[in-house]
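To start, the structure under review is shown below, and the notes come after it.
Labels A, B, C and D are assigned to the chains in the order they are written; within every chain, residues are numbered from 1.
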Amino acid sequence: MPSGYFSFKNDYAEAAHPAVLEALCRDTTTQEPGYGEDSASVGAAEALLQASGLTRGEVHFIAGGTLTNLVVAAAFLKPYESIIAAESGHICLHEAGAIEAIGHKVHHVPQVNGKVTAEQVLKIVTTHTDEHMVRPRLVYISQSTELGSVYSRAELEALSQVCRQSGLILYVDGARLGSALVSAASDTTLPELAKLVDVFYVGGTKNGALFGEALVIKDPSPEHHFRYHLKQRGALLAKGRAIGAQFEALLSDGVWLTLARHANTMAARLATGISRAGHRFAYEPVTNQIFPILPTALVQQLEQRFGFYRWGQESGGAVTIRLVTSWATSEEAVDLFVSAVG
Amino acid sequence: MPSGYFSFKNDYAEAAHPAVLEALCRDTTTQEPGYGEDSASVGAAEALLQASGLTRGEVHFIAGGTLTNLVVAAAFLKPYESIIAAESGHICLHEAGAIEAIGHKVHHVPQVNGKVTAEQVLKIVTTHTDEHMVRPRLVYISQSTELGSVYSRAELEALSQVCRQSGLILYVDGARLGSALVSAASDTTLPELAKLVDVFYVGGTKNGALFGEALVIKDPSPEHHFRYHLKQRGALLAKGRAIGAQFEALLSDGVWLTLARHANTMAARLATGISRAGHRFAYEPVTNQIFPILPTALVQQLEQRFGFYRWGQESGGAVTIRLVTSWATSEEAVDLFVSAVG
Amino acid sequence: MPSGYFSFKNDYAEAAHPAVLEALCRDTTTQEPGYGEDSASVGAAEALLQASGLTRGEVHFIAGGTLTNLVVAAAFLKPYESIIAAESGHICLHEAGAIEAIGHKVHHVPQVNGKVTAEQVLKIVTTHTDEHMVRPRLVYISQSTELGSVYSRAELEALSQVCRQSGLILYVDGARLGSALVSAASDTTLPELAKLVDVFYVGGTKNGALFGEALVIKDPSPEHHFRYHLKQRGALLAKGRAIGAQFEALLSDGVWLTLARHANTMAARLATGISRAGHRFAYEPVTNQIFPILPTALVQQLEQRFGFYRWGQESGGAVTIRLVTSWATSEEAVDLFVSAVG
Amino acid sequence: MPSGYFSFKNDYAEAAHPAVLEALCRDTTTQEPGYGEDSASVGAAEALLQASGLTRGEVHFIAGGTLTNLVVAAAFLKPYESIIAAESGHICLHEAGAIEAIGHKVHHVPQVNGKVTAEQVLKIVTTHTDEHMVRPRLVYISQSTELGSVYSRAELEALSQVCRQSGLILYVDGARLGSALVSAASDTTLPELAKLVDVFYVGGTKNGALFGEALVIKDPSPEHHFRYHLKQRGALLAKGRAIGAQFEALLSDGVWLTLARHANTMAARLATGISRAGHRFAYEPVTNQIFPILPTALVQQLEQRFGFYRWGQESGGAVTIRLVTSWATSEEAVDLFVSAVG
């Protein structure tokens, strides 16, 4: 990329946080069992359960988010069961039909600020009543959402309640869970979230890891045999230590939350600058993804020096763009962007 | 594990070779495109094509072997098409039905020293002739095989010929391709192998990488859209650089072959010692997996100090065990084992 | 069912038209080849191609509509390819996720009078552009639609054009194709429709057959091997003559159109009576499915004597119901219903 | 086919027994609920449970054998679970990979007179022990087998015992169950068989029906939702009465056993004649499929006047052929064949 050019396209453009890499390079000649039974994975799993306020549960480390989502679908759904998700959800749009390739329908419900509501879930459940239709079984939510928003505790409670009443599994795609938890817009801690949902993952890839996500299954049935599903979908890494060690580092002293806080701070700094320059946002900027609405001419200028995605065409010649910050975003890059906007 | 204990269970018990880790830790704050379009992946792909004597072709970096195999099946087979493999093949036994989960039958043919023969392939093809049966489309071979053996050039040529005559794809699972290429039993170079087959992968996980395999598609059709398949199966890593960088290191100055040579040398040292102690082998020891036949009492003793798998019960109270060496196996460990046998 | 009770729930409540049953009972001891290669199937296939104005093409006889739709999906789509359909389409709602179970996403687009528009198709195509998303490949339309409406020639031409420009297959679920073709609202003949689309089926089950649909593939590739897909999905009936004979009877002298015309006439008679009684319709009644909007109290009364589905709750205490007529509906039953409404 | 030509290729060359057709043509204008809830299906289900000596259980009527087998696999297996079957089993060879297309591995075990043994099952179970391998879950047997043989009660008891001990489902493909039950080689009644197995189907297609199989699930879990699986795989016929009525006719006064007895008698008459002419059999002829070994020259002569399949090439210029008789085979046809052999 050209010098002086900075990309706000995503939160995985840099490699990994030094603490993560250091962990990967430690004890490299110690022999460890394969397939997630190494000491680093065991330690990281315990640390994650503890951070989640859980006294039992299974933790599995998986290379990426799409792989995690599809194994969850394979493991928790019978062939005729379906998933409810916001139309803006990652599984709806940006996983190349991975869930359907496993055999399951995803109900796309209209997103409400990037979210699914309890009412929407209930409506799908009550209109799918016999064997000519699929049977809804899992509600997929992203925290933070693909539009940068955050489910409030009240929203999570409402979803949790409707799921329990209707026999649905509530699953959180936490690719950016760190960013959600430390957002000023959030009123939920990790243990509180863990209490309300059934299965969730803590994302590493988009929060300073080289790769890897940590999936938590709160109440594993002895019959669910999750490792068979992992193996069958190619998700059981031989050197499981490669993810375990990264999560040990991220979970130690809350490094993952520190990194997420940095990303959010940089996004807020961007948002403040853009706002001061007189521009509005398509969605309230509260995490590390923000969506300013800028004049087309300005967007074209910015594209010379910065990387970002055009998200949508607005009326009146304006464009919504998406800016994403990460653990590695510098104040300098942010300030350069703000100056360019101002 | 207890001090003084050494595992010969597999070739992925240690983390990764220092050159690999160093590459992972280099340029970590440089922003790179995601999903395998980073400069490291591009560079490693070029290096691999060159090492394979190919002037064109696609290279894809995938986190593990099972994932690689299942994406290949998804991409190259129509729903009614099947795979021919030796019953001892990894996809037949140790991938939890990953190929079938994608929808395809695998014909298990009796292994001949761990291999499939051209005659076996031809027989399957000629007996599957109408729409009541599946249609064989891909021949899966492992080089080296799961029994440590190596296909000779003549064997590869025969398979190649029958595949071309019958419209079959010849695919090499190269989880241990390095070990095969540097084996004294091999008479085939990488470019020679690449010429005879259609698709193959060079394994990293079992040859010094932290994780990752490099898949080579020699003659990609513009219609095959392999990246869609990768994404759909969760095999498109966001930070593709994490595998690209490792392969850049492994391919530089033939590091991967040096590591494989070390593993083979250690296996040969083990074999020589075991042989001198008067024991035979179930399969000729030529790569980094060897299969001595030892008295049960001796095996029980060895199990106190060394890790390995019992492979099969022989008549007369003997047991075939599997010993695997790696890039990280030390002469000390080998010599301790040999003393314990002798 | 109680005497005097008549069901307008569907068009498959009666067994089969006498001409169909007679054909099934003819030449029953003649030995015929199995799996659709019998003389009745061959004859019916020729008759259908001729009626469609086609000089080439494949015809396959399949036991039911869902089975037909899923085999078409299996045969024509690669794993990452998707289907575009109106949200009211049969594959979206009433096939229990059969298409997704085969591995493919269905884009549900908002129905416009039960139909998909060319603009909607184009929008899906132009927003699905890379390997993170599925790749639209087939447009599914029902003629007549699930809401009783009929695509006009202009609408079909527009769809046909967008499909050809974008490399999409245009597929017609013709479960009620007879009813569409003979509708006063239709300006398209079967040969005209066959010219504009790629694959379509003529429904038997809902038009006087005991069971069975006739699928026409206009331009079969020598590589598509459709019979393999049929066999693999359990859709290749051993005694293919059982469907072939029925279609021979239905296609002879246009019996199928005569039966459809009767069903439409009965629906029109119902609609006229209901309309005269002062009630409106949710969708214009033009085929054998009509959707009057009636007061709740009246609906409750009618439910004592007639079978039908409540389709939707309207504001102001009214209910939309669905009434379906068939080849077997009598004027008496219609007139009883009309009296009960009036 | 040429006059005077008679086919012994299969047992589905003729249409259907008159009693079956008569039932199809009865009460055709009575309105009935769809999808297997009609009175004929309900009546036939009760009759079948009673004939099986079962006081509870579910019966489902499905259009064909492959469809039945694949729905059973879809409904009873989790993604990582597999089926054990004899290599000569219909699902192994002649269903175009239908089970694998649903996602499941089939272990092909060497056939012993067309059968699987309890020892073979136990061996597969005890060697599949962790998540790197599939998990055996269902044993598939055909009664009678594809080689015309019949499991004895002792064999069924041994299989039943090993299945119960190992948590496996014992499933009987009864495409030719009638022929088995009335075979002189059988020492098992239908209630006795029903007691020993978990799921079985009674074949109609190959025993006088126009099409259709009757699946019995002895101990349906309230959670298994079998009708969802039927619908999703296209196996829920709208006019379920079309199969229900046939089975009412077949089950009335044991018509199905009478038809099977005729087929067996014709096969025995063939076998006796062939045997008297000095020829041997590849498998003992005990049901309606027999496998004489004849000189090639004789086979070539016979092929001029009779239809049958060459089953295998024997040493010494002989050929094993398969002859199949049905409910419709005449003594004349049999005697013509015998004369031609003699």
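The definition used in the following text is that a residue touches a chain if its C-beta (ideal position, glycine included) is under 8 Å from a C-beta of that chain, and two chains touch if they have at least 3 such contacts.
Note that the structure is predicted; figures quoted are calculated from it, not measured.
With chains reduced to the mean position of their C-alpha atoms, the one farthest from subunit B is C. Should one ask which of B-C and A-B has more C-beta pairs in contact, the pair is A-B. Distance from the subunit B centre to the subunit C centre is 51 Å, each centre being the mean of its Cα atoms. We define each chain's centre as the mean of its Cα atoms; on that basis subunit A and subunit B are separated by 33 Å.
Shared contact sites, meaning residues of subunit D that touch two or more other chains, fall at 79-80, 95-97, 101, 103, 131-132, 228, 231-232, 236.
The residues of subunit C lying in touch with subunit D in their complex are 1, 6-7, 10, 12-16, 18, 21, 24-25, 27-34, 63-71, 95-98, 101, 205-206, 210-211, 228, 231-239, 241-242, 307, 328. Considering their complex, residues 79-80, 82, 93-97, 100-106, 108, 131-134 of subunit D touch subunit B.
Across the complex, subunit A meets subunit D through its residues 74-75, 78-80, 103, 131-132, 135, 225, 227-232, 236.
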